[in-house]
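Let me give you the structure first, and then I'll get to my questions.
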Amino acid sequence: MRRFLSLALLCFLLLGITLNAQAQSTDAASSSTNDAAALELLEALDVESYTAKGEAITAILQSDDERARDWLQALLDGRLQRTEDGRFVLVLENRGRDWPVADVLTGEALGEMSRRDLERIGINNNLRNQLRSAIAVVDLYSLNVERRRTSAERLLGEVDGELVPTLDDLIAQEEDEQVRYRLTQAVAIYRAEAGEMAGVEALDGSLHPRSRVALSRAANGDDPVVANAAAASLSGIEQQLKINRGLETLYFGLSLGSVLVLAAIGLAITFGVMGVINMAHGELMMLGAYTTWAMQQLLPGQPGLALILSIPAGFMVAALAGVAIERGVIQFLKGRPLETLLATFGISLILQQLVRTVISPLNRTVITPEWMSGSLVVNDALSLTLNRMYVLGFALVVFAGLMLIMRRTRLGLEVRAVTQNRAMARSMGIRATRVDIMTFALGSGVAGLAGVALSQLTNVGPNLGQNYIIDSFMVVVFGGVGNLWGTLVAGLSLGVINQVLEPWAGAVLAKIIVLVFIILFIQKRPRGLFPQKGRAAEG
Amino acid sequence: QDDDPIKVGILHSLSGTMAISETVLKDTVEMLIEQQNEAGGLLGRQLEAVVVDPASNWPLFAERARELLAQEEVDVIFGNWTSVSRKAVLPVVEELNGLLFYPVQYEGEESSENVFYTGAAPNQQAIPAVEYLINEVGIERFALVGTDYVYPRTTNRILEAFLKDEHGIAEEDIMVNYTPFGHSDWQNIVAEIRRFGEEGKPTAVISTVNGDANVPFYTELSNQGIDAADIPVIAFSVGEQELTGIDTGPLVGHLAAWNYFMSVDNDDNYDFIDAWIEYTGDDMAVTNDPMEAHYIGFNMWAEAVRKAGTTDVDTVKDAIIGVTVPNLSGGYAAMMPNHHITKPVLIGEIQDNGQFDIVWQTPSTVAGDAWSDYLPGSRDLIADWRKPMECGNFNVVNGSCGGSTAAEEAEAALAE
Amino acid sequence: MLAIEKLNQFYGESHTLWDLDLEVPAGQCTCVMGRNGVGKTTLLKAVMGEVAVKSGELRYTAEAGEIELTKKAVEARSRLGIGYVPQGRQIFPLLTVEENLRTGLAARSDGLKKIPERVYELFPVLKEMKHRRGGDLSGGQQQQLAIGRALVIEPKLLILDEPGEGIQPNIVAQIGQVIRQLINEDGLTVLLVEQKLPFARKYADRFVIMDRGRPVAKGEISELSNELIKQHLTV
Amino acid sequence: MSFLQSLTQRDRVFDFMAPQASPVDVRHGPILYMEDVTVSFDGFKAINNLNLTINDGELRCIIGPNGAGKTTMMDIITGKTRPTSGSVWFGSRHNLLHMNEPDIASLGIGRKFQKPTVFEALSVFENLELAMAADKRIFPTLTARMTGEIKDRIDDVLETIGLTALRHQPAGILSHGQKQWLEIGMLLMQRPRLLLVDEPVAGMTEQEMERTAELLTGLAGKQSVVVVEHDMGFVRSIARQVTVLHQGSVLAEGTMDQVSSDPKVIEVYLGADDEEAA
Amino acid sequence: MSLTTESSTNFWLTRPFSERSTQIFLGVLLAALALVTLLHVAVPPDNPLHVGAYTVNLFGKYLSYALLAVAVDLVWGYLGILSLGHGAFFAIGGYAMGMYLMRQIGDRGTYGHPVLPDFMVFLNWDSLPWFWHGFDMAWFAFAMVLLAPGLLALVFGFLAFRSRVTGVYLSIITQALTFALMLAFFRNEMGFGGNNGLTDFREIVGFDLRSDATRLGLFLATGVALALGYILCRAIVTSKLGRVSVATRDAEARTRFLGYRVERFQLFVFVVSAMLAGLAGALYVPQVGIINPSEFSPIFSIEIVLWVALGGRATLYGAVIGAILVNYAKTIFTGVMPDAWLFALGAMFVLVTVFLPKGVAGLFRYLKRRKREEQTTDPDHQHTSKEASA
């Protein structure tokens, strides 16, 4: 399998034609005569045996049909299907019971068909690999730089001796820096594995895993000079990798931390500042997450836009729910903070079951928009996942916003006055009721925002809230109740500690250690990371 | 008396963490009962569902089971998902002599007189899946990733032994990792898997990750760019139901091993799916393996009742061994003397529509093995509930029935 | 300025204020006196609305005319120009001195955003300790803060519950002078609870002596004789 | 300490077996001795090189401007605040800086707080009961009985503080002045060697002030009393020796007449028209 | 708080018996125990009045929850420590009992190993871990039921109280404690059966756990334990120590200035409470037939607090009422309306908090006061009646 790519490339080259050259010379008139041949090619795919299918793929690759790439892509995506009357169709949208289809050969839309009447040309992972390689081969000659980059990348570790001269030619012709670099690297990997000094030298400092595999093979080779050079290269690379791994762990930690911060920051308002032990906080987050889902249902095909709109919408939905909770229950519990625990726990049960009954007990799918998936590649050994980077940034923005509101607006002052001495605050003319509503709405709304962010990382389901409530309280308390900075620092540091511990302790033990750490830390600082100091706090 | 409906207990969590998986099973049994009633009931009597909610709380499972058997006096129970809930219920059904049909794949190492295991035992899922990876895909390196509880632990132990002994896989080519329930931060583990797979050998992940932890797991896999073609993940707990909560686009090609897929091309299956969609009123509703298990279990029980002419537990228990009913994948399921059933093993690849494409299946059905051949303690045990053996853990080496007779003897001694 | 009529107040079952009548004339300082626990603080709280009254009327003369206070919410009362310095200081312990003062801005009708300089002039220690938390201040400093905070409102009616408590003598005298000054120059009305006779004698215009929840003697401050004191204030 | 010792000296292992605190050693005169004490809060020196000696049986008045550090000084003596530097001795045996609040309290230092703090959920009677000098370790407390003698004492104190009628009311409902009295009552129940009284007459009428004065002067001699007060009339009526604190250190010390004619004291504290307040 | 201080001159442990509330409580409890026994044993099964084994078992479970709630109320109601981790002590007591019951299985397990419990054979362990030794002896196991949670509470409490951790900080670290223990017990390496926990019990001190007589016995034993636990707690709260606790709850610092070593009082009460919780767990396990780490889950501990709050904090009998009420409601609701019972339970929590600020016990006291008020309606006598009511 490993060598399939070079094989395919070779056959392809032997034909001595490139598709893009071909594409120009083909005209529409010849397509009908081609259809019979094309049908034959496709027929060959509709067999039981995967080996036979593999051969059929090669045949398609070798044919000079300009639609070959599209067919292969359709096959790869599982959209190449057959109707009962033997027609090959392309499934345009395969969700639900009836799917819209189009004819593969003519491209003519055929309306919707029942999935019962369609039979898919199945592939397995082997064929998938083969297809990818095949497409890559075609793409190596593509005019599109992106496609060339992808296919050059695929060549790493897949090159064999026969291919080297061809690749050297390609390198000479290639204009794009990146494609050239990858192709050079691909050749170097082959050479290093073959024990050639040139290969080893070219791979020095390369962080790509394939290079490392090649170098370690070279290091075990017979020629002591090459082996030594390879070993030296390797140890240099290991050093680099260690640094990269450290950075990666830090990133993991900050990103886990940002999730904790997001989950906790709303609670830092409702619990930390207002003193309401809000057990329904998690369910408010859940509402935010479901809002994202609902948005995506409302705007099918535009997951990104839906996600962006979910930010204000999630805030509003959760904030309104917060207002309802405050008006309906919490206002009657003034001065009885512990009772809020009881009531909000009841509310959280109700909200959970409400979602189960009204929507579904099952998780909902929230789609990650294109621009949020994948990673930002820093180098071959370090890439930062984009969705988490967005979440990290989002958490910081939300934090900064809250900080501004609490520090710079009158609401911040008034809510603190009201919680510290309600009667006196009212005597000073502060509208305590309004302050309560607004603050609770703010805290709840932020929970909603957290839910929007979480929908990109984890399950959107009725249990979402339950999974975060304990952690949230822990972060708020660990940071020091009533201190927003504390929440930020606590969340981020717990995240980092957890991720640093995880590789050597395992996920379960790491969690236990973090909990024990919290217990011991509180012994040292009985009022959290950033305690309220002085007479005032001691009361 | 004879006109009284036959009571069918349904013991699935409708709230709490397991509701996500179990609610549909409750609906499935209710649907099957409805269908049966439309077809005239059983023995001329109507069936009546008795639904309770054990709320994902294990002691509550025991309590509800006792209520079903002692208060409601149901004739049979369909229920449970997690092994721990089954363990909690087991003493109750044994004491009150009930019938329990358990529909979920599990770790084996159990055979009770009163329980019928319609889900897969490890030899009906894990072992064939690994055979597939080695023989068909050419995998040489395995990351065993699971949730930290008994089912993954056992499965992985069996697999480790199997990989080393039968396929000569080296210690360093096996990586094992456990995470807590509901684990949501997979960054480190996925990075570790990625590095594990970058060493040059074809690598696969065998996932016994349970329930809610799967969504963040797969999300992280796709974000860190782990593609099914590079490092395929084969899962034993991810079915169509779980996929409804995941954006499957990036997961295409990852695998699952089950005994049934919704995509099975078979008319019985299409009828079942249509009935299900109609019953739920949801066009998007999916079916999955434990649902099929209940379908088989329900039909087996109905068949046994018909055969016995009564719902009496002891009679049905004897009658059901050997009963064979069609499964949904075009074959037949038979109840074995060890209270496990025969099942085909299917490997499917995830499609971007949330369905599985079946890429491989065992040539014939596999009989469930209550006691694993790969574990030292259980190698010598067999279960056979036919007369005269009537034992769930017969030790073939010393030729005696393990704990059960000892217990009976003690009981007898106490009674005197 | 404020006329109280037939005021009855209960704490649970215990009847604290009994059919209380009281007149607080505008532009004057009325001093309420009485032994511990007779209901002085309760009376002031009833005026502020911090405790609910069972029956009676509180007629307050504001710029807009006469207003029945019992129907007004607490926060509305301060917006009508009533400043309150409660017993026991009741500052916000975790707010800084400055923030404590800023809370008073809520009740101002002119929407002023800055703390009037006059407050700092009167209590320079507050300016010095602007950024310290209120709860960290010494007892006397807190008392000064409480008075300063009430003055931020620029009240028409100032209610003071033992304002001199815990304050050093020269500042007590100064507070007295400021009160007089505000009364004389700005026409402020003051309702004062005070136990210390010298202070009352020096700065109040009228006195009311309370016992068991009702006034038992009242008059011009000059009429406050040792006789009366013996009769009502001795235990 | 050897293992054996640790077994025999079980009072060091199990606190509830420890004997009552050893008596105060006042053979050398002073019962309280503060030397070079400094406290700073984030750089602000609330107490600055304070030196103060209280003799056994003395009644000492301490006055000084708001924020002079009077309350902070009491906080140091009772273990609430740890000084930045300096030493504080109770008698010549007990270094108070090495002890925590309950240890210091059981040595015989009682305190009335500036802001009255009582146990609001407990009745007036129970407040006094808890304050009473008694064995305050766990098991004696658990098995303590209410004897007639104890009841009589509490009744006496209730009489003194004028709260007999409210004895079964929760202390939370008391008026401000009543709480002040209750705190004084708790102090009396405690029978400490040294009483620290922070502003005892705030919110009291002239007559109540006189009663308090009598009470405190009556205690002096048997017990040592330190009074902080801003009411000059009251101070004059009880004071023998007066210490003036200013900015955390002693500004003046002497009899009331000496102090009140001191121009520095007049400037920072009394003000020009002190005669009114007197 | 109507503490009858003056009459309480007798021995501290017998003091509660002179209280009316305790008399009523014990009377009701013993009557209930007797009634259930009678209806179970003497009334034939086909009679509608017959109480079945299922119900007896259910009541036994409620009673052990009630004891647990009493333990929580002791620390929360009277000491002001909101423990969100009491489930840990309950579970540890339960595990101690579970280990004993596992050892009682002997060679009757599925693998027939004479010493090792099934899950150890299954995990391929060759010998019993050290901490399992001794649990084959009833006296040792029963001692551990009290000592193990007591010891954990002692160590944990010692650290926390010494450092003066209070309020939410204390609540959260108790929660962290139980959370950490839950994760630890989930681990198979811990040697407690992992997620599956301990099950399949056969007999207890020689009695078959599956017989109705044993079940009745366990129910009665739990009832007696509840009565004794209640009396002990009552004795503590009516003693001077109880008043010190309340003082600590309201003004911890002030209590220190009176010479009480607050942290030791807290520790004492906390340990007593943990032991009672452990006892409750030990009685719970044989009745429900399983112990698994989910008893350690923080949500369970929060639920316990909810029972207490719902019944009425700081009354003890309120805790009992709350525990029984909530769990009975759960039983009923999950059976009668399996799809919607969370709505009912959630609504119950909300309504009780809003309309019964002092819980169900508060309602009782309110009704009692109303009755008394009706007897003395003369408004002029209000002052005197107030004093008389004290």
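To keep things simple, chains are lettered A, B, C, D and E as they appear, and every chain counts its residues starting from 1.
Keep in mind that, in the parts below, a residue touches a chain if its C-beta (ideal position, glycine included) is under 8 Å from a C-beta of that chain, and two chains touch if they have at least 3 such contacts.
Per UniProt, the chains are A = Urea ABC transporter permease subunit UrtB; C = Urea ABC transporter ATP-binding subunit UrtE; D = Urea ABC transporter ATP-binding protein UrtD; E = Urea ABC transporter permease subunit UrtC.
Quantities reported herein were computed from a predicted structural model and do not represent experimental measurements.
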item: Pieces of the assembly after leaving out chain B, positions unchanged; value: one piece
item: Chain closest to the middle, measuring from C-alpha centroids that were averaged per chain; value: E
item: Chain A and chain D: spacing of chain centres that average the CA atoms, whole Å; value: 65
item: Computed distance of Cα centres, chain C from chain B, in Å; value: 76
item: Chain A-chain E separation of Cα centroids, rounded to whole Å; value: 45
item: Centre distance in Å when chain B and chain D are each reduced to the mean of their C-alpha atoms; value: 73
item: Contacts with two or more other chains, residues of chain A listed in rising order; value: 352-353, 466, 508, 511, 534, 538-539
item: Where chain D touches two or more other chains at once, by residue number; value: 41, 80
item: Touching two or more other chains - residues of chain E; value: 183, 186-187, 253, 339, 342
item: For the chain E and chain A complex, residues of the former touching the latter; value: 82, 156, 159-160, 162-166, 168-169, 172-173, 175-177, 179-180, 183-184, 186-187, 253, 298-299, 302, 305-306, 309-310, 313, 339-340, 342-343, 345-350, 352-354, 357
item: Chain D to chain E touching residues, read off their complex; value: 15-16, 78, 80, 100-102, 105-106, 110-111, 113, 117-123, 125-126, 129-131, 136-138, 141-147, 151, 165, 168-170, 186, 190
item: Touching residues on chain C, where the partner in the complex is chain A; value: 48-50, 73-75, 77-79, 84, 86, 90-95, 99, 102-104, 106-108, 133-136, 149, 153
item: Touching residues on chain E, where the partner in the complex is chain B; value: 52-54, 57-58, 61, 105-113, 119, 121-124, 183, 186-188, 194-197, 199-203, 208, 210, 284, 288-290, 292, 294, 330-331, 334-335, 338-339, 341-342
item: Residue ranges of chain B touching chain A (in the complex, touch as defined); value: 14-15, 17, 19-20, 23-24, 136-138, 148, 177-180, 182-185, 187-189, 191-192, 195, 198-200, 212, 215-216, 219-220, 222-225, 228-229, 232, 241-242, 244-250, 252-253, 255, 265, 270, 277, 283-284, 349, 351-354, 357-360
